[in-house]
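First chain A sits with chain B, and in the next complex the same chain sits with chain C.
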Partner chain A sequence: MMSRSLFRREVSLRSREALHGYGFILIWVVGFALFTFLPLVETFRYSVNQVTVTATSINLDFVEWANYTRALFTDPNFVELLVGYTIETLVSVPIVLIFAMLIAMFLNLKFRFKGLFRTIFFLPIVITSGPVIKELTAQGAASAPGIANIPAVIEFLEQLPRALRSPVEYLLTSFILILWFSGVQILIYLASLQKVDRSVYEAAAIDGASGWEIFWKVTLPSLSTATVVNAIYTIITLSHFSENKVIQYIYARTYDVHGGIGYASALAFIYFGVMVVLLGLVYFFLMNWARRGSR
Partner chain B sequence: MSRNKFRRLSGVRNRGINPRGFHVSQIKFYVLLMPLAIFMLLPIIFVISNAFKPPDELFAYPPRFFVTSPTLKNFSDLFSKMSTSGIPVSRYLFNSILITLVTVAASIIVSSMAAYALSKKRFKLKKTLFAVNNVALMFVPIAVTIPRFLVIERLNLLDSFWVHILPVLAMPVGLFLLKQFIDGIPDEVIEAAQIDGASDWRIYWRIILPLIQPALATIAILTFQAAWNNADTSSLYLNNESLRTFAFYLSTLTSTTTGANAVAGQGIAAAAALIMFLPNLLIFIFLQSQVMSTMSHSGLK
Partner chain C sequence: MNQILRHPTVERLRGFLFGSRARHGAIFNFVLYALLIAIGFVYLHPLLFMFVTSIKSPNDLLNPMVQWVPTEFYPGNYVKAFRVLNYMNTLLASALISVIPSLLQTFVASLVGYGLARYRFWGKPIVLLLLLATFIIPPQNTVIPQMLTYRDMGLLGNPLALILPALMGQGFRSAIFVLIFYQNFLSLPKVLEESARLDGASDVRIFFTVAVPAALPAYIVSFIFSVVWYWNETFLTVIFLEGGTTTLPMQLSKFVQAYENLYPPGVVNVFDRLNEAVKMSGTFLNILPLLVMYFVLQRWFVESVERTGVTGE
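So, the complex of A and B:
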């Protein structure tokens, strides 16, 4: 406290504010640097090395990009898993967003037992992480594989062009799972729906806008920021989901004899790159849309 | 209800946007929401009913959803297994509870303070720090396990109680969500408080925190789960058995049994999953009212 009174006299307002800012963020920066950022840099170093672990030390052999080329051009599984992940994410994100938006708009209306419904739709937050989803996937209850074996469905899938087949099949079998990822997203949408000024709706209604028009011209544009946040959050949770196949593959490779940590680190960085591209795509697409919407 | 009825009759109704009270027109919401709501509840019902299933039902094909002849055998198996191990269960439970409480409280404070600074303060590194956080957000946590081990070793944190808490304090997802919520608080509120002579700490404590309560409760639920279900820390960074967590303990019980007796192992795993899940559900029920009730106040109006 004493130092503050000193600063008040000698330091300009701006740098005082900056100092307070650093003060508030300091603990976080230290923790983040030590336990997340440093390890990240270290992981990158591993990814361009052949890493061998002995009982006493870790030996690094610089191999340039060998781990990366092996992952992309030699490894028979990894690229396929990545493509599968990309398709699944691109299918899931719009569904989660639309579902969350619809549910949030319903829950923002006034009707009885609204609180109860809100609670129930927020429940996925305790389902998708932790023991429940593990138990569910272990029992095979998270997906509905039976659907893909129904003759009519098989026939329908065969009618589809090749490129569309696996996304549609994924959609049919994992629809349940996708919806369970929408807990936090519904909350974010609800919060931003409640920030919309009621008078805007009233003004629109007085000007003779129909409910449909109000949705497209008022509600949707005001949800654009929330949509971007939700899209990012959805991609992140989907890609960090513990039952995600790419993650399990990377995890298994970490303890492989051949390649081991170095190779797994390279895999992680490639996965990270794909995620960045996905996020970039979604972000670009949504930002464009948001700008058009607000015009 | 009578007030609502009055409003409806007198035409003072927010037409089309906010129907008040119950009205026949609302039935369509229930028709739509009910099935979806039941659908959301299914996994929880499944986990509960699974824990009471006898072996033949657990392995039934096709798997049945509800238990038909509930039994407590899975639990008694689990408890008898517990009583044969060296360290009392209460030790693990105590560790887990203490670790979870400290982690949740500390990480909420650290993340929300950082989020406040990133959202409302002006300083040079602000944009860079948030960008770095977003990068970390995208990175697979398991890939940094080994380097993190080395850092922990160098800091002499191996085999200490703090290794459970310190590494998870700076949670990137938490900062990301909290910053988005604080961004939604108008600057005018903070400026008004500054003009009234409120210090930074006071603004943070008295204005920011109450306004982002839904987000805080969400983060609390997420951190609680991460801490409570965390078995990795115990197996990776700890050799001292008495510092390990309940989650780790249960995972050893279920994994050793699957080798010896796969059938009994499944039952024990189902019972353990329910026991692990219950605190999550409790904390959810406890905190969800925070999430829901304060939501309408988060803003200016």
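So, the complex of A and C:
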């Protein structure tokens, strides 16, 4: 008797807790349904239709996968843009990660004028917006000062095989931009560097480990989670950036008379797919690396 | 030889150059500062370039001898850019468009983060997964149906088009803020909340009187980042607000067109034609409010990010 009423009370307490919890997240669940899930489904429906928008209504004409096949096999630009995006992302991610890690380790040291340098390195977080970047790139202020104009560099580029040329060229012309995308990543690295227990470093130093060994055996493994988070964050920011060429292409197609919204929706889904594959690849590569490092 | 090496002066010199366990040596410091200054210069180069170009007079622009030091301070570019950007109006619009959704988004994100961190309920992993999905899904996969719905409701061009999603936790990068609060509440001790519960306080009351004050740094960081990201966002604002409200970045992206409306190229004299100095003035005016905010609040950018533990672990 006694134990049964206790049991019932336990259950009702639990369900009460769950109810309160749902109360807190309810607004998000409704918002997710209205502003993310339904529009996503609707966009997919557009992507398998020929969509015509008039002043009063939206007409759908089912075309199966025609929009997708057109994007992948007949569109002269889209696949090329996608390949460019993939290369640029794969070039940028390691640079951002290494650079952010380096700066975070610098800022974790004790030295004079640290505040000044910290202010400089976090500045891009505040000012990186599409139109600003566009103006700066148009004025040639986005490349490392003068490098892209040195005759030797231009000649060097011409000697390179075609496959290598575009990544290297991208690297030279947008070097500062790539670095400008590492603000938040520096913050994340810095936060996790400061969590590492000082005594671990001291113990390693007492055991006679050199700075080099401490970096590879202590610092780097402790940054593995932050590295995965940073890699994902970098890929997503680069992919969502409004000056991204693929996004601009998709946006421009939306207003096309022929195809229009249906075709742009199909492009958006293909782009989303490529992005997820990239995320997956980088995630598994880094997870694998982190696991091997911790062993 | 050994004796020379052990001599106090040599030891001191060695300590100075290579450092000891307590202090970095001079060589280390030299390399460190050299690297930091070099990287700092590369970082600031676009900004310096922007500022220097923006104060060049038309004569300086044409003069190949003038690179980094203009012969005079020429404020005329700023006067023009100020007019072309319709600065007071667009500044106010940008401030509203970034502050109001940010306030709502921060508050809702804290509610959701608190619910996820403090209550046990069925389906929590699914919610967390969907949360990550909202961060990954590109805006162009959801934006067109939203735009068409807004058009039917007559909300296109109205700031409500950005406020509504923020209110429902679906604002710009909301997922990050929910995760920040989730992390933050997980790391805060439960003791105070439990004692308030024993005193008979309701869940909502506990949230407002105990949890919110304890998470204040997370609120400030989230709000600042949210304002910055809303301010700089152009993809969504262009789609939702075009034809209605115009924000600063939106006006900047139409700069050439707006300039030629005010100063028709065939009518004005050569010195009043659009040049890069005016463009750079416009760009600088665009980031100026954020720069001011950054220098006033920069302590919060760094220190409280470290304190709130935004590492996503």
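Heads up, the rule we're going with is that the second predicted complex is superposed on the first by the 256 of 295 C-alpha atoms of A that agree within 3 Å, B and C clash if a C-alpha of one lies under 4 Å from a C-alpha of the other, contacts with A are read in each partner's own complex, and residues count from 1 in each chain.
Please note the rule applied: a residue touches a chain if its C-beta (ideal position, glycine included) is under 8 Å from a C-beta of that chain, and two chains touch if they have at least 3 such contacts.
Given the structure is predicted, the values throughout are model-derived calculations rather than measurements.
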{"item": "Side-by-side fit of chain B and chain C on chain A, or clash", "value": "clash"}
{"item": "Which superposed partner A:Tyr201 touches (first chain B, second chain C, both, neither)", "value": "first"}
{"item": "Partner chain(s) touched by A:Tyr251 [first = chain B, second = chain C, both, neither]", "value": "both"}
{"item": "Touched partner set for A:Pro94, first chain B, second chain C, both or neither", "value": "neither"}
{"item": "Contacts of A:Gly280 with chain B and chain C, given as first, second, both or neither", "value": "neither"}
{"item": "Common ground on chain A, meaning residues reached by chain C in one complex and by chain B in the other", "value": "14, 17-18, 20-25, 27-29, 31-32, 34-36, 38-40, 42-43, 46, 58, 103, 106, 109, 111, 117-127, 129-132, 134-136, 138-139, 141, 176, 179-180, 187-188, 190-192, 194-195, 205, 229, 236, 239-240, 247, 250-251, 254, 261, 264-265, 268-269, 271-272, 275-276, 279"}
{"item": "Residues of chain B defined as touching chain A within the complex", "value": "14-22, 26, 29-30, 32-33, 36-37, 39-41, 43-44, 46-47, 50, 62-63, 65, 110-111, 113-114, 116-118, 121-126, 129, 132-133, 135-148, 150-152, 155, 166-170, 172-173, 175-177, 180-181, 184, 200, 204, 214-215, 218, 221-222, 225-226, 228-229, 269-270, 272-273, 276-277, 280-281, 284-285, 288, 291-292, 295-296, 298-299, 301"}
{"item": "Touching residues (chain side chain A, partner chain B) in the complex", "value": "14, 17-25, 27-29, 31-32, 34-40, 42-43, 46, 58, 103, 106, 109-112, 115, 117-127, 129-136, 138-141, 146, 176, 179-180, 184, 187-188, 190-192, 194-195, 197-198, 201-202, 205, 211, 214, 229, 232-233, 236, 239-240, 247, 250-251, 254, 261, 264-265, 267-269, 271-272, 275-276, 279"}
{"item": "Chain A-facing residues of chain C, complex", "value": "21, 24, 29, 32-33, 35-36, 39-40, 42-47, 49-50, 53, 108, 111-112, 114-116, 118-122, 127, 130, 133-146, 148, 164-165, 167-170, 178, 203, 207, 228, 231-235, 249-250, 252-253, 255, 276, 279-280, 282-283, 286-287, 290-291, 293-295, 298, 301-302, 305-306, 309-313"}
{"item": "Footprint of chain C on chain A - complex, ascending", "value": "14, 17-18, 20-25, 27-32, 34-36, 38-40, 42-43, 46, 53, 58, 103, 106, 109, 111, 117-132, 134-136, 138-139, 141-142, 144-145, 175-176, 179-180, 187-188, 190-192, 194-195, 205, 225-226, 229, 236, 239-240, 242, 247, 250-251, 254, 261, 264-265, 268-269, 271-272, 275-276, 279"}
